[in-house]
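Look at the two complexes coming up: subunit A is in both, with subunit B in one and subunit C in the other.
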Partner chain A sequence: MSQRRFTPLRNGQAMPLARLEELDIDAFRDEILQSVKEGQRLACLCATPDLRVFAVLAEDQGDRLWVGQTRLQEPCFPSITPQCPQAHLFEREMAEQFGIVPAGHPWLKPVRYHRSWGTRDAWGRTEAPVPGVTDFFQVGGDEVHEVSVGPVHAGVIEPGHFRFQCHGETVFHLEIALGYQHRGIERALIGGPHPLSLKHAETASGDSTIAHAWAYCRNLEGLAGVTVPPRSEWVRGVALELERAANHTGDLGAMAGDVGFLPTSSYCGRIRGDWLNLSAAVCGSRLGRDWLKPGGLRQDLEPELARELSPRLAQAWYDTNDALELLWGASSVLNRFEAAGLLDPEQARDIGLVGVAARACGIRRDSRVDHPFGPYGEHPVTISLAERGRVLSRGWVRWKELQESRRFLAEALDALADLPVDAKPAPLPALMPDALCISLVEGWRGEVLHLAITDGKGCFARYKIVDPSFHNWFGLALALRGEQISDFPLINKSFNLSYCGHDL
Partner chain B sequence: MEDILPIRLVHLLLHGLTALLVAPLIPGLINKVKALVAGRQGPRILQLYYDLAKLIRKRAVFSRTTTWVFLLGPIATVTVGWVAALIVPFGHFPAPIRFEGDAIFFAYLFGVARFLTVLSALDTGSSFEGMGSARELTFSALAEPALFLGFATLAKYSGSISLSGMLASPQFTLSRVMAPHILVLTAWFIVYLAENARIPVDDPNTHLELTMIHEVMVLDHSGRPFALVLYGSSLKLLVLGALILGPFLPRTHYWWLDWVAFFGALAALAVAVGIVESIMARFRMNKVPQLLLAAVVASAFAFTLLFA
Partner chain C sequence: MIQIMLSRWRQGHRTLPYPKELPPLPPRLRGLPRVGKGACPPDCRGCAEACPTQAIEAGPEGPRFDLGRCLFCLDCTGICPKGALHFSPDHRLATRTREDLLLKGDEELRHAEALEGEPLSIFRDSLKLRVVSAGGCNGCEVDTNVLGTLAWDLGRFGIQFVASPRHADGMLLCGPVTANMELAVRKTYDAIPDPKLVIAIGACAISGGPYRHQEEQLGGTSSVVPVDLFVPGCPPHPLTILDGLLRLQDKVRD
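Right, the complex of A and B next:
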């Protein structure tokens, strides 16, 4: 069987690098291709400055991650993308960061338009290029017209550039160029952990603060060999589910707004604030900044506070339910949601889609269930699925997840009301040197992956962040094919991907 | 009684003032209704007046690709709105300008305004504005038959092809409203929503340039030209509102009461538009033609019924 040469690892478990067999590139490629063919998923593929390449394969049915590494002799290797489309963006990223050329990559372009980490990138450039200035895929013919949108948009949203190849109102092809939000987070984390590292992780994508902070904390805890007390794990679960509830509510409201259905749109805008305020009541920040810290919590959720939050949770849920019943009761809304944004489940699987968008295609993929972490092992959640991969499905998955989050939150607050507060976490011991740790957290958008590799002194030699948006932007482009261009905003909102999470 | 000179003058004065000043109230009222239904406080009813006052004091920014054609759209919108306001009767008093066939003149006045708006949109060279223009022209071509079949119905009924004859004919009373009228009202209400870029055809609130129809064509305007655009579109709400309400206004024995009825009906129309926008989502773009064809069919039935 395959997998002989990659090393198995659990979510959040640290491992000395010495235990990783150094494969040659052909064996490395074959392992990846074979495993993906057998249904595993390429969760991460990244390089280090000394031309080592790491791959993380997720075996979602077996609660295992498989890690492999290879060392390239020269900055060039035969591309995996033609046989395994999941690798396409990872390979472009390696080309840009370290000048490693994936020979035979079908669409080799920069990802984020930043200066190479080494001396030059795969295109021989030494200076930072201007974002979005590059070749775009074009459809020929007199009847085809091109529409370019952004990076400055009419609404107050993040910057991104979209090129549509249209035939009348029908979209043939959409190409998405991002990179405007690149801040260099991965580079800033090298040499860490230092006092700002948690902040860097939290701001990878501000709307997924808890998910990224938790993934970061679990890496540190794994590398330091610290276990977090169960009570703190409960509170982290509360934080993550509150984040999910707030964002799902906001998204459903925004989807209603995009089809011009005002009641749900206005109500959800307010109710999202109610969910955020629950987070603020505990940690003082609506986005959950500074709630978590490596080893435990910075702000505990005391029993009195848990008792106080329960009725507020019930009220927020009652309002959410009310606003969404209006939405699902409006035939004009269902008609719009039903008609738009079809993503073929087969393609979704091929490109390694994660999160809400994947579950809306009927793909059972949720790291809370597949790779349980924190409280989700003992207090599991059920996967919310829809089948048809349309805007409606993505909305429906959010709705079902909201119900599940609320159930989890109610259970957690009840439990917390009776549990005594943990002692303040002691400072973490030094991290394991020359080791590797991977942590997966299911944020509201999907799987957040953090991969930490330490050097001989126990500092980060490489820190890789994979936001779910990194996998899913291409899914949005595929969902647009053959759709009406006027439905783009709605389809886009139904994915609601992060620009800064992609750009880092 | 209405032929007495002082009363004629009062009517003219009221007509003129209404055309000049009342229009911005209608979007204000629609927005207030939408806000109240959605549980918000919303902007005040007079908000558009404040916006206009603000925009008039602002300098316009012109894209380097535009020429003088760019200004034709806003100017035409307001000019056409005013001229049309002089042709359409407000309530039951004949309009200041009336001649046989002015109904057709009225319809194509808006055609001219649309043509010039499209020209100024294309003048920017923006792909959005081109898309918006294509959509606007497609949908207005589909709305036009509904408008004209409605005219034909009323013309057949009243024996006049002047708006004043059709809408303000003395023999018309509410008790004689019949099936054809109801059909015409239905058809024209749809045309009203389409022409004024309201939900379910268009969404005046959207900030998403790819879904816009009318709004995207005026995206590049700013300052005073934009004030003209906003004022012009409120004029259109007023003038077309007067058109579709005309056949259905009750006729009283007091001329001032007729005016009260007119304003009341206009407010009711704004509330109706606000409620429609509050309770339904916008149609998918390729479903809009079906809605407009329904309007055409309704007014075609109205016309046929008159021969029964």
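Right, the complex of A and C next:
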């Protein structure tokens, strides 16, 4: 492209809002459409109460983010979804939060079923709609039937409503309606940082506590101009990789369980706990609560503790490896994994898929590699890829990533055993006023994006959280097309997306 | 097949011997908060002001905790000028009433009492629970799910999570009950045959937790249905949840 009108920014870097050119809506749209056409990715699109719209484009091969803004004269603009499907859920979100109508959106429906932040939403409603009541797509025909599931599911699972349009056993289309977990996190963050803000970040998706806490801390550090000492960055890396190892182990076990391969399923259920207990040994919480804080760490991983954890890491890895070698050696498992859950890589790219699910389609996309943060610049990880976009591919990517996490963890614990602890982080100075900061962290599901915009006093005028699940739920729906409905649990598990991370 | 058997031998039998023995807990586990009697300087309100969920009330005789609101974070301990406040490793936190969760830093917690009479005879050896996730962060759910793994083997106590409220003896609820889940919670409760139990897991389900000021949620289970067992934590350790369940069944006592 000859001349860019968006502004370049690095992951975690703060920038005064004044450096952003205020584009008119046509130029704003053109810039997004052109950049996506050239291979960039719409990582975030969001509005503010005063009808400004911000877009973040990720240039994954160039370690750069491009930020643009426009100010709408009226709460309406021509939808970009028809040409750029990655925008579909972001536009629906703006319609619900601020009543901004993306004219020409092909399926304009609520996202979370809450009351508008302003006076009315894009449908003219002033009160919250009834959750799950919307115009669902329907397939017609004599032998077509609909299967409706949820919000409460049959296991210990979060709530969501699923509509399958089926012909016999075959699923033509799956539509997913969420919002049941909506508890108002983004609205609560406005005016912050508040005493509860870090907790809200940590609980955006509880199984990704570290990823969200880290993204939040990095935004504050960027806006306050604070650098985190290298040792503390190492420890944060340990926290994130332990979170990844625990969840990947649990997911592979759950996938084994869904095809009836009980040995791996049983072992992994237990071993996942062993990984979580390593986190608990450092911070007292299996999910990593109160481990990180803005500026550094709330609880340190001291040299003695690092030495103590090394043999426990080796044992957890020995058990994980043993349980998973068994899985990959079972032809009945491979047969089932190989046959289910195909997601076309082209479609995956079009909808802006991220994380494990994207890498399983052969898409090179990992913010630890593309937009290195924390320790990953000096201590890089190798990106793990598979090609075919099936259940097997998503399992295989997890397995490769587990190996890589274990290598990183062993190296980090060795290094931490010889490095003296950093001083406790001082309280942060005031945040830069009228500024913007974007932080990407590669959680175990994929890219966690936090966008902070401050007002003239350095408080959050807007805080946007994009959990990887927000991009990926639509990928699950696409992966169900043409599959047997009885394979839904397995395919769903191979994505294992977050409801609360989507609903916020 | 031989590989499966070899792996079985390598992985071994690792179901925890609890309740005969206490499993090893992380030394930094944050359990019951404690403050020594007379340890607080007069008029000090440091911990109460630092608490992000207003779970601490300062008084002339030291702070009073509301374990139902407590996130077991470190905001209060870090601020105490005397270092008098700490979280003990005591994992036993479950109570039968909301009032029992209010206590001073040197008071004993009144642990959950067993069911009595007919409910005890019905549920002692077979307790089927329908789990409803109603807001929150999925943290309590994952640490409840853990109880079903072979490490904890919940089934040996006759407790099982079931797929229909019609098959259930009670509801185990996580999350603050979002406005969007209120109807589903009520319908689930109504669909469970009498007599039935309700178990609230975690700070959200007891008091709204970190979301208690948000109008998108209702402030916990009690705002919708009566609760029989409260299990504090954010999230509670699996052992804290199991301790509460087994106390109900009269299988763990002090």
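Note that the second predicted complex is superposed on the first by the 502 of 504 C-alpha atoms of A that agree within 3 Å, B and C clash if a C-alpha of one lies under 4 Å from a C-alpha of the other, contacts with A are read in each partner's own complex, and residues count from 1 in each chain.
Going forward, a contact is a pair of C-beta atoms (placed from the backbone, for glycine too) under 8 Å apart; a residue touches a chain by one contact, two chains touch by 3 or more.
Predicted, not measured: the structure shown is a model, and the values here were computed from it.
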On subunit A, which partner's contacts cover more residues, subunit B's or subunit C's?
C
Under the stated touch criterion, which partner chain does A:267 make contact with: subunit B (first), subunit C (second), both, or neither?
both
So, does A:477 touch the first partner subunit B, the second partner subunit C, both, or neither?
neither
Classify the contacts of A:340 with the two partner chains as first (subunit B alone), second (subunit C alone), both, or neither.
first
Contacts of A:114 with subunit B and subunit C, given as first, second, both or neither:
second
Subunit B versus subunit C as contact partner of A:149, first or second or both or neither
first
Of the partners subunit B and subunit C, which touch A:383 in the superposed model: first, second, both, neither?
neither
If you stack the two complexes on chain A, which partner ends up touching A:485: first (subunit B), second (subunit C), both, or neither?
first
Which partner does A:419 contact after superposing on A: first (subunit B), second (subunit C), both, neither?
neither
Enumerate the residues of subunit A that count as touching subunit B in its complex and touching subunit C in the other.
154-155, 263, 266-267
Looking at the complex, which residues from subunit C come into contact with subunit A?
3-4, 7-8, 10-11, 14, 26-30, 50, 52-53, 71-75, 87, 130-146, 148-151, 161, 163-164, 175-176, 178-181, 184, 188, 209-211, 213-217, 234-235, 237-238
Quick one: which bits of subunit B touch subunit A in the complex? Just the residue numbers, please.
34, 37-40, 127-128, 130-131, 199-200, 203, 205-211, 219, 277-287
Residue set of subunit A touching subunit B in the complex reads 145-149, 153-155, 169, 256, 258-263, 265-267, 330, 332-333, 335-336, 339-340, 484-490
Please name which positions on subunit A make contact with subunit C in the complex.
112-114, 128, 131, 151-152, 154-159, 179-185, 187-188, 194-196, 199-200, 202-207, 209, 263, 266-267, 269-270, 272-273, 277, 280-287, 289-290, 298-299, 319, 322-323, 325-326, 329, 498-500
